[in-house]
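One chain, chain A, links the two complexes that follow: it is found with chain B in the first and with chain C in the second.
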Partner chain A sequence: MKEYQEVLYGLYDDETDLMDAVKVANADHLDIMDVYSPFPVHGLDPLLGLSESRLHIAGFVYGALGTLTAFLFMTWVFTRDWPIIFGGKPYFSAPAFIPISFELTVLFASIGMVVTFYTVCGLGPGVNNPVLDDRITDDKFCIAFETNGYSNEEISKLKGFFSTTGASEVNTKTI
Partner chain B sequence: MSAVVSPIREPLITGSKTYHQITEDIVSPTERVPGKAWVAFFMASVGVLSFGLFCIGWTIWMGIGTWDLNRTIGWGWDITNFVWWIGIGHAGTLISAILLLFRQKWRTGVNRAAEAMTIFAVMCAGLFPLIHMGRIWLAIFIFPYPNTRGPLWVNFNSPLLWDVFAISTYFTVSLLFWYTGLVPDFATVRDRATGLRKRVYSFLAFGWTGKAKHWQRWEALSLVLAGLATPLVLSVHTIVSFDFATSVIPGWHTTIFPPYFVAGAIFSGFAMVLTLMLVTRKLLHLEDYITINHIESMNKVILLTGTIVGTAYLTELFIAWYSGYVYEQFAFYNRALGVYWWSYFGMMACNVISPQIFWFKKMRRSIFVTFFMSIFINIGMWFERFVIIATTLARDYLPSSWSYYVPTWVEIGIFIGTMGLFFVLYLLFVRVAPVVAIAEVKSILKSAGDQYSKENARDNYNKMLNEKPHHDEHEHAH
Partner chain C sequence: MNQFTFEGREKSVLIGGMVLGVVCLALSFFMDASPHSGEYHSRFWTNFLHNAVFFTGIAFVSLFAICAAITAYAGWYAVIKRIWEAYSMFLVVGLVMMGIIVAGLWGHMHHIYHWADAEAVAADPVLLGKSGFLNKTSYTIMTLGFLSVWYFLFARPIRKMSIMEDKAGTADYAIHRKIKIYAATFMPIAAFSSCAVIWLWTMSIEPHWYSTMYAWYTTASWLVSALALTLLTIIYLKSRGFLEDVTEEHVHDLGKLLFAFSVFWTYLWFSQFMLIWYANVGEETTYFKTRRDEYPVLFYGNLIMNFGLPFFILMRNSTKRKFGTVGFAALLVLFGHWWDFFYMIKPGVIKELSHADGAHGLLPSVAGFDYPHLIELGIFIGFLSLFFYFVFNQLTKASLRPERDPYYAESIHHHS
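Up next, the complex of A and B:
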């Protein structure tokens, strides 16, 4: 990770313009650092070459862990640690363990996934990521390029890209 | 990426909004000084809550003897209120999770507030079993923790313990789901704020910037959480119904309870969502986001679930007769014509008969009718739980122990106090958080905004067809 990043970014007024601009950037082999938007823009991920999120796989693992924790714990308590007969049922009365096993499956999967989500995204309480432009969470769609060590020629090429694709504003920022 | 919209679809966002206007409309109520109506309502809620806290303190100090429960009627207003509140919570999860899976776009207008309502309702519900224990300082005994008494574990075969797990899981998952949805919207508030406000919202927004990859993961997370919350919400009221159904009390020991309780929960929850949303949309001027179309959709759910509940009531009566089991027959005879006949009558009138007016479109789209119906249904569903609990217990197997139950001022005070708690939390929520999910509403603007719907949908489609060759040229140029 570098100490600082010089960023050249363009703001678009509409997600249609943004998508078209990303297509142009791909055709021109421009190296987009990141795209920011006020809401999830569908169809953007394949254009940016983002692979599908694997969060659901993590969720499955956490869920399975929850099921096993609950079921095995109850089995251990009622067959090994302190067997008690309830209502003449066998010590190992599996059907009665289902509700709690289910609840812990959901609990483990949810907490695990949420924690994983914030961890892999680098988000969380007290995190202050640099904001390129305050209007990105309002109504602007942003394409950003990292321009550390770029020559003037390269920068003017990027600026040309922004003007031909209809960016409403182009700015630089050091973050 | 303007999606092609069917011209017969009704718009979900009116007033030809732009993205910026959506932000402005939804965030501005949190930026203004609260109005007189808010302050008056808040003060009243705080007052009621204070009285409730006094009654809870009184109960804990003096003991459960301050309630009018007796050996015959061991569950009264406390468990009635518990089931009532937990049922109300169910609508929030239904709107935010089940309707997300069904791709119902109208949920975006109401999901945030409905989820908030879920969380607050579950908090009110959880209070009742705790104080009902009598010795609340021993409440930790309900959790299976290693202790010096053996360790002696809790009874994992008991539905009452399943309830502990179900409700604490439900509360946790609802809270996580709600907050994850709020993070991008808190970022929107943060980026408009200055000074101390900006620092507070920076903390709440968790450093959200709106990166494409983060949005992708956020959507994946929302979808899986919705998939988990859907069976969870069904399990919660199923387990609440097991508290009754696994007992051997006539009128409780029935297999119909789980679906009947879940339908009733959704029914009462939607009624409470409507009560809150009709007031909120008026006071915060959100009529463009919570339209008559939204209200009609919710009224359809009320009609459906109300009819399911009505069918369940009639099925119970039929099965009691058909079973030939005299105790079951007596239980239902007693419910309808016994000492608590008035609560059965209230239940039938409010839950089964009155919602049938929603067969008429004009009624579904009337704000006045909807508001009164939502209150009726809340009352009716409270009566339903009272009928199931107190009426059934009052006339048990032994006529010598038959009894009658009226609540004391302490029990009434605690119930009213939870209303105060609920409204205090809800009123604080509308002041600090965007009441409508901003990012989600923006994402449906192009397919559900009125400038893109109805007759405009056709124009829009034609315009898109005409624009197509232009785009191709554009790409060739590079």
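Up next, the complex of A and C:
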């Protein structure tokens, strides 16, 4: 059984209008479901009360894992499993291992972060992501409220908020 | 407060530092155990060259940073551009300092450069082949010529026009456009001329050895030092109540550059090292083998201070925004890159001096060449004081807020 959400959203023409509207919504204690914008708007995160992403911590762990994997694997191969002399160098040639350790650091960190990001956001192949309005990927800035079970009075209050803050368009959608 | 004032207390501290530097330079003239010290005074001359090259380079790279920012239409740096302008004016002192090295070269007062020894060159096919570039005349012309071009044709006019901009009624784009022409002209000239002087000033100390990465590597070292010094200057000026417009956003960006160019420096260091280590060609490997086996403190200390520590300290977002941690990292890296120049210059001079005497095998361990002793640290403090005395004096000559810069408003609202 799929759960449906009724959403009331307003579109703004400009990012500064959006920022002002979010400030008004915070002052009126309106419960914003989400804000959508075609590009990252500076200063929006603290207004929405979003904490700093912890993705980079995961990135560091993956990177360190990549370094260790490459370095230890090469050490094992060239000292234990299949020692070969390259250009008269010792079996354990740390400087020669560094470029590959670096590559694997980058590889592990990038792939690990992509996978983590997709998992955390619930994205992936076959996932249906309803888009409120096509223009929020182009030139419109959107504030959305979830209105499941809202009374007419509450909905008209939200509509009043949109008209006072200068939204160019207000729509409802069930997703 | 827009107008910097050079307080008497600062003056006396900096003059004290300079006196310490002079005393230590004099001590290094007499307390010298290097070969032929009575004749060549290598400890004194290498200390002088080391610091002269280090601080001249900081001045040069600051000018380059201004020009790069202007040419790239960058706005964020406008609130700190007076600091870089003041740094770039230090090129005139660099001209004098390198002029002293040139005078010493002609007067046979020092033996930093083995290629200046005519008898040795005549008997050495390698040096004979390089003598078209490595000779006293080209050293003199390029050192004095390029430094004069940098200072008289670029640093001074750019500074002058930038101050002129302050007096214009509104944001004067005509002046800015003119600065932009100077800036864009300077960059290619700087790129080629800096390579040539780096080869002459430091790489030619070991004239048989060469590396195509050396100029990049040295310039990266200068750039990191200049960024570290900029951060320290900002933190100091803010503690005195100046530079209200410089926020943690600007410090954050400088911290990012410090982090990025520390890694860049390491990349160049490692690329230079690994290829030579792997190829294992005798005349190339000797540079690193000597340093790693006989100067391990210099060799590993260099990597720890300039890569290991700043990499982990500056990695997190928050450490780049806190004045305490970023200031500590800047201090560490500044000293680290001073150490890097020590590592480039000092062992090479000892090596050439002993080889000229026909010695082979391990080099003699000589005080003041193995690692920075107290005398060397005193000289560093002396040159640092001279640098800051000059810079603070320059800062008094113009407002710290270049409000007529077309990018000033953008810079105030900078968000990193």
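By definition in this document, the second predicted complex is superposed on the first by the 171 of 175 C-alpha atoms of A that agree within 3 Å, B and C clash if a C-alpha of one lies under 4 Å from a C-alpha of the other, contacts with A are read in each partner's own complex, and residues count from 1 in each chain.
Here is the rule we go by: a contact is a pair of C-beta atoms (placed from the backbone, for glycine too) under 8 Å apart; a residue touches a chain by one contact, two chains touch by 3 or more.
Quantities reported herein were computed from a predicted structural model and do not represent experimental measurements.
**Student:** Between chain B and chain C, whom does A:88 touch in the aligned arrangement: first, second, both, or neither?
**Tutor:** Second partner only.
**Student:** Contacts for A:21 in the overlay, against chain B (first) and chain C (second): which applies, first, second, both or neither?
**Tutor:** A:21 contacts neither chain B nor chain C.
**Student:** So in the superposed three-chain picture, is A:43 touching just chain B, just chain C, both, or none of them (first/second/both/neither)?
**Tutor:** In the superposition, A:43 contacts both chain B and chain C.
**Student:** Looking at A:134 after the superposition, I want to know if it touches chain B, chain C, both of them or none. Which is it: first, second, both, neither?
**Tutor:** In the superposition, A:134 touches chain B alone.
**Student:** Determine, under the contact definition given at the top, whether A:7 touches first (chain B), second (chain C), both, or neither.
**Tutor:** Touch partners of A:7: none, neither chain B nor chain C.
**Student:** First (chain B), second (chain C), both or neither: which does A:167 touch?
**Tutor:** neither
**Student:** Could you look at A:96 and tell me whether it touches chain B, chain C, both or neither (first, second, both, neither)?
**Tutor:** both
**Student:** So, A:158: does it touch chain B (first), chain C (second), both, or neither?
**Tutor:** So A:158 meets neither chain B nor chain C here.
**Student:** Shared contact residues on chain A for chain B and chain C?
**Tutor:** Common interface on chain A, chain B vs chain C: 42-43, 52, 56, 87, 89, 96, 99.
**Student:** Quick check on the complex: what are the chain A residues that touch chain B?
**Tutor:** Residues of chain A touching chain B: 15-16, 19-20, 23-24, 27-28, 34-45, 48, 50, 52-53, 55-56, 59, 63, 73-74, 77-78, 81-82, 84, 86-87, 89, 93, 96-97, 99-100, 102-104, 106-107, 109-111, 113-114, 117-118, 120-132, 134-139, 164.
**Student:** Considering only the defined contacts, which chain A positions touch chain C in the complex?
**Tutor:** Residue list for chain A touching chain C: 42-43, 52, 56, 60, 87-89, 95-96, 98-99.
**Student:** Going by the contact rule at the top, pick out the chain B residues touching chain A in the complex.
**Tutor:** Those residues of chain B that touch chain A are 1-2, 18-20, 23, 144, 150-153, 155-157, 159, 161-162, 165-166, 169, 172-173, 176-177, 180, 183-184, 187-188, 190-192, 202-203, 206-221, 223-225, 228-229, 231-232, 235, 239, 242, 438-440, 442-443, 446, 471, 474-475, 477-478.
**Student:** Note which residues of chain C are touching chain A in the complex, please.
**Tutor:** The contact residues of chain C facing chain A are 270, 273-274, 277-280, 315, 317, 415.
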